[in-house]
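One chain, chain A, appears in both complexes that follow, with chain B as partner in the first and chain C in the second.
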Partner chain A sequence: MAAPLTLLLIVAVTIRAVLFRSSWAELISERVEVVSPLNAWKRVVEGLALLDLGVSPYSGDVFHETPFMIYLFHFVVDYAEIVFMVTDGITAVALYLSIQTYNKNVFRKQKYALESDRYPADCLELLRSPKEMFYIPLKVAMFYLLNPFTILSCVAKSTCGLNNAIIALFILCTLKGSALLSGILLALATYQSIYPLTLFAPALLFFLQRLYIPVNLRRSSFWFFTLQYAFIYVGSLVVITGLSFFLLGSWDFIPSVYGFIFSVPDLTPNIGLFWYFFAEMFEHFRLFFICVFQINVFFYTIPLSIKLKEHPVFLIFMQIAIISIFKSYPTVGDVALYMAFLPAWSHLYRFLRNIFLVSCVLLACSALFPVLWHLWIYAGSANSNFYYAITLLFNFGQVKSLNLISHFT
Partner chain B sequence: MDYYNLLTTCAFIHLLVSIPYAYSNYVENKAGQFFSSGHTNNWAVLVCTSRFWFNYRHVANTLSVYRSVKRLGIPDSHIVLMLADDMACNYRNPKPATVFSHKNMELNVYGDDVEVDYRGYEVTVENFLRVLTGRLPPSTPRSKRLLSDDRSNILIYLTGHGGNGFLKFQDSEEISNMELADAFEQMWQKRRYNELLFIIDTCQGASMYERFYSPNLMALASSQVGEDSLSHQPDLAIGVHLMDKYTFYLLEFLEEVHPASQANMNDLFKVCPQSQCVSTPGHRTDLFQRNPGSVLITDFFGSVLLHDMKQLVADVSSQKPKQKDWHPPDGFILGLWTLILLVFFQTYGIKHLKHIF
Partner chain C sequence: MGLLSDPNRRKALTGLLTRLNTPICIVCYLAGIVWFMGLAFEPFTLRTYMSENAMGSTMVEERFSSGERALSLAKEFDPPSACCGLNGMPVEWLVKAMQSRGLEVFTQSFSRKLPFPDENKERYMVRGTNVYGILRAPRAPRTEALVITAPCSPGNTNNQAVALLLALAQYFRNQIYWAKDIIFLVNEHDLIGTQAWLEGYHHTNITGMEYSPLQGRAGSIQAALSLELSSDVITSLDLVLEGLNGQLPNLDLANLFYAFCQKLGVLCTIQGKLQRNDWDTAEGYTHAAQTMMLMVLKQACGRSWGDHGLFLRYHIEAASVRGINSFRHYKTDATTIGRLLEGMVRKLNNLLERLHQSYFFYLLPSLSRFVSIGYYMPAFGLLAVILLLRALDLWVHLGAPALAAVDGVTEPSSPGVLTVLTPVVISHLTGVALYLLPVHLQEMAVEHFPVSETEAVVLTAIAIYTAGLALPHNTQRLLSGEGTEQGWKVLKLTALLYLAVLLGCTALINFSLGFILAVTLVPITASITPHMPKALYAVVMVLLSPAFTILYCVFIYQELIEAPVSVSEGWMLFLSVISQGILDHALYGSLVYPLLALFIYPCWLMFWNILFWN
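Presenting the complex of A and B:
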């Protein structure tokens, strides 16, 4: 399957290169749906310029990237477009390989289940054949690379693409079974934005399943492995944070990056739920609602892990979706990542009841975002309520689609 | 042997220690030189006293001195410019918004940023004397005041029609040389100047500085008593004489002066000798305490202090550190790549190395 994948990569790179050279690149990099204060390219350039002037890039409320980003972009800032295209390519290839591995696992389990006659008779039509599953990894890569959301995110040079790449590599390493690499990459992903912390549980569940350790809180083998994995994860996180300290010699990045993510001081409109709510919030209640909103992101891990402990990869997918809906500064790049997984369960589409409604909602909202933004900001005939309504509807559509997809299990 | 070593070490240390001393001596000399003039700020009062279109040249005179003074560094806030008539926007001016000093319209001394403080009928003897002595009504804005102190060097330039002992203002009144001398004495008593340079370009101009009696005054005039100051060139397109001879050559002289120039007053006295000016320029330095040869042109025409200070600081301290590009610290790079290599080998096993090497 290397040839179709290469062809796909070439097509994707061509589309992105064409868009980079066109006049739309400027327009796209200013859209609030595509860039957020956390991952805008303008801010990266600003931070690097501040650094060249001898000032800490975290002074002032401009730069909210982690020091590793500074290290990376210090050397490649002139080749940023190529870097982002390569990043998208890495993500696509990582997703391709991980879905390939996943399919192999699934197929093997299906084979064993068939041989041991564990399937009831009327499920036979749900069985997957190798022929069907052959093209799924390519479809996943295609869903990611040719998704307009991804293309927009890449053309805007939003560092969301890099975050997606790290998460995709994490998924690949998890599915390949390397606990060390998976822990390190998860630590890197958490270091970039805190929310992938919730992916610790599905990764853990996957490894436990793979190593045939039953998920029983009373068993010592469970705790033994959990502690090992947690040690790898926390250890790499500590090492990475320590290294970042040595890059700039100060702990400035912690309030600027993580403090920013948690306390949401910047209320620029985006496709998330935080901005409107906190724009009209009284100061007195702000801390309370910050806590409520942030706990909301992390809270779903527990019930979902309990329910989906047999299906850790699906749990990863659900977690990524929940993160991208409920995080403090989502962009369409985050949405693109979990949408890439949809072909993996394509044999279950017949069970989705409201797929037409949900897909119409998502399409219509995506189209209405720029329209209502224009009406609000430029024409002045709408106001923030209109835009927030579309944001709400978009997130509602996403939640509904999650609802539907959860019927897969 | 030991004694010899000790001696050389002592000599070496002495040399090392004396270098900063020598350097600081140099710095002190420079600083002494810099502060020898005794003034800390510069002011200029530039007055054109005649109106009507045919006196275009007097306005051009004043504006050319204004231009030089601004170019050499005195800001508008420290210049009191008094023009008795508006030539640039006069309805007889074929080139509106311009005042030319050279024929064929080579140099427009009106420019884009002229700030006239007293204009038209505000230029009177009373206002002029009030500006000099500082006795203005409290409602006068700052731009119309001469806010000098006892460390100010003031340049006063007057041009117009004059006679033996008087200067005509607006064709309706006169100021006499005694009034002017008394005004300067008032300024001295009120400590309103450190040193004052008085330049006048009128007929029989030297008569205006005959009566001065206050210290630290230096005066130049374009013509002696009994002589007329002549105008320089007419421009046939504009139809009037553009400049007076003395100020024309003064402008040419000043165009050569730049803020760091070391030209002194002796050079100024040589401007426009009789061969060029037809009249004999005069000067008076007996009331001035310093030797005119040691007085820089820029002490009066420019405001070179900031510039000199910069020069001084640049000499004393090292150069401003160049803007460096930031580089990640080596420890960080080392640590990061060591870790990456460690993880790589941990994952892929060291036994593969055997096959590579």
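Presenting the complex of A and C:
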């Protein structure tokens, strides 16, 4: 499968290169649906300029990237376009390899279950053949690389692409069974934006399943492994945070990055749910609603982990989707990451009721975002309510599609 | 969503929709058309009213009296050959006149090379000067401004308006109640000059115009009025609202104009038609419907029908007032027009914030009655729902055999992606060719054929459009034609959803364009299948294609303005409409031509492909 994957990578790189050189690159990097205050390229350049002047990049409340990001771009800022294209390639290859591993595991389990006659007769049509499963990793890579959302995100040089790459590598290491690398990459992903913290639970469940440790709170083996994994994770996080302190010599980055993500001070419109709500809010209630909205992101981990403990990879997918819907500054790059996983469960599509309605809603909303932005900001005939209505509808469509997909289990 | 998640009720609902699909679609289409035509019926419209408090309750007593002096000044500005013809605008005369009236005068020179010669206005390399004078508000901070403009261009003798502007400037200079700066702008080469001035004022450069930077500015512009008078006495004043891309100013501006016309006893018209009182007769209804249809046609073509149209893009509410001299015995003199303008500008002076209280989206069957977006959008919605119902029907049919199939059958999209993707890509490439090639290939066409550049551009566009009709026969040879029955259904599903989203987005920005395209495109696209009699349906599809829609609109427009044309004249008008559309896009950024070439035409080509799917 190397040849089709290489061809796909070449096509994807060509599309991105063509768009980088056209006049649309500037237009796309200004779109609020594609960049947010957390990952806009303009702000990275601003932070680098401040760093060159010897001032802390976090002064002035413009720059909200982590110190690792500044130092990475300090060295490669001249090749930024190539970096982002390579990042997309890495994400696609990581997803390809991880879905390949996942399919192998699933097929092996299916074979054992078939041999021990554990499938009732009417389930036989759901069984997957190797021929079907052969093309799924390529489809996943294609869904990620050729998704218009990913292409827009790459052309805008939004650092969301880098975050996606780290999460994809984390998924690859988890599926390959390397707890150490998985812990380190998860710590890196959490360090970038806090929300991947919720992926700790599905990764843990996957390792427990893989090592045949039963998930029983009374067993010592369970606690032993959990503590090991938690130690790797927390240890790496502490090390990475400490390194960041030594890189820039101050703790400025903690309020600027994590304080910014949690307290949502910047209310620029985006495709998320926070901005309009907090624009209308009285100061009095702001803390309460911040807590409510942020708990909303983390809360679904508990019931989902309990329900889906037999299907940790599906749980990873659900968690990524929930993060990208409910996080404080979502962009279309986040949406693209979880959409890439959909072909992995393509044999279950016939059970998706209402998928037509939901896909039409998502398609129409994606087309209406720029139209209503134009009517609001440029023509002045609409106002923020129109744009938020489309945001709400888009998020409703996403939640509904998650709802439908959760029927798979 | 209990109705949709309970399998039995779902099956019943989808079964109902599938069985009754065609009748529901026909009913929706007829309902949409009837709803739209019913909008002009007076009981269904609302009376206009002034929404903005700041403009409603103040008493204004107009005292402008120098109308006659303005007219004698106009004669000084005469003869036309010196004014705006061969020697261009008399810039020095204007500068001196404005300076002597106490305004701060500045000029701006601009130049623009059109992509091909404009045969209607006979220009190719345009070079001109705008002259504007700023009347500073005596005792207010200079943060806001109003603009009164009188276009001065060759072939459009607007001397009386320029002179009236100067007389008004002199009168305004002596008043103390001005809270905003007033800019008196005399622009050359009508829309091109206005575009240059606006771009200079707002420091943008969206159309590739070359202009000298403005030396004097006056704060953010709240509203603008454009005045066009063609003779010393007029019988009625016509209000022109339609701007670029079908954008309309706030309805309060039209209400303001109407209120002052009532107060001063001036006859006011819209679309050149007077209001009638007999709404319950057939003639009364037809009159209102004709006025509304004229507004719809003017809005749909996306060009700015007066100099005010370009102001709207910068969120400046603007309207054009045009004086008409026709055969009535009651004539209005220049003093009354001056008083009208004085009253309007005084009311606009009282604004605390930009006009936003009244409607931005409306249709006017007459000046005193309007139809708001909430009333006219359902007409479009009924047409769009037909596309969605058809798409749902196709989805159900596509999904049904898959459920009954034995395992091993791959889902329809897998081999079908290539069969669907090829027509889509080829159609869009043809659309890109239609957009780019006419202007870029004009030199080559002029070399090889004995036509002028404008004709070359228009005829190339028509040639590419017609060449696209031959595509299906070539595309089919490239494809294997595997899974043909499923293939065309998937293509039709994609094309229907694409058309629905496209028409929806168009209707939001420019309702008239979206509605007119929906009226002609929805019936054919909803009913097209490869199993129909090909010759008949090919003819019907071509007759309802976007190009022919433009042709019909040209003929209907000529009928409505009571200047019907013969077929050959209509054809020449059609060609000039196409060239104007391409020029508007290049000069002012009108979106109609790119929309039709890059999106609507490829969509239509996809349906054309379906018709010839073998």
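Just so we're on the same page, the second predicted complex is superposed on the first by the 409 of 409 C-alpha atoms of A that agree within 3 Å, B and C clash if a C-alpha of one lies under 4 Å from a C-alpha of the other, contacts with A are read in each partner's own complex, and residues count from 1 in each chain.
Please note the rule applied: a contact is a pair of C-beta atoms (placed from the backbone, for glycine too) under 8 Å apart; a residue touches a chain by one contact, two chains touch by 3 or more.
In this text the structure is predicted, and so the values were computed from the model without any measurement.
After superposition onto chain A, the modelled positions of chain B and chain C are compatible, with room for both.
After overlaying the two complexes on the shared chain, residue contacts for A:L51 are found with chain B alone; chain C is out of touch. Looking at the shared chain after the overlay, A:A379 reaches chain C, while chain B stays out of its contact range. Touch criterion met: A:S346 reaches chain C, while chain B stays clear of it. Touch criterion not met for A:R118: it reaches neither chain B nor chain C. Once chain A of one complex is fitted onto chain A of the other, the partner contacts of A:R21 are absent, as it touches neither chain B nor chain C. Greater residue coverage of chain A by touch, when chain B is weighed against chain C, goes to C. With chain A used as the common frame, chain B approaches chain C to a shortest CA-CA distance of 13 Å.
Across the interface of their complex, chain C is touched by residues 124-125, 127, 129, 132, 346, 349-350, 353-354, 356-357, 360, 363-364, 367-368, 371-372, 374-375, 378-381 of chain A.
Chain C contributes residues 1, 4-5, 7, 10, 247, 312-313, 315, 354, 356, 360-361, 388, 391-392, 395, 399, 402-403, 406-408, 410-411, 497, 500-501, 504-505, 508-509 to its touches with chain A in the complex.
Chain A makes touch with chain B in their complex at residues 51-54, 70-71, 74, 178, 180-181, 184, 239, 243, 246-247, 249. Contacts from chain B toward chain A in the complex involve residues 323-329, 331-332, 335-336, 339, 343, 346-347.
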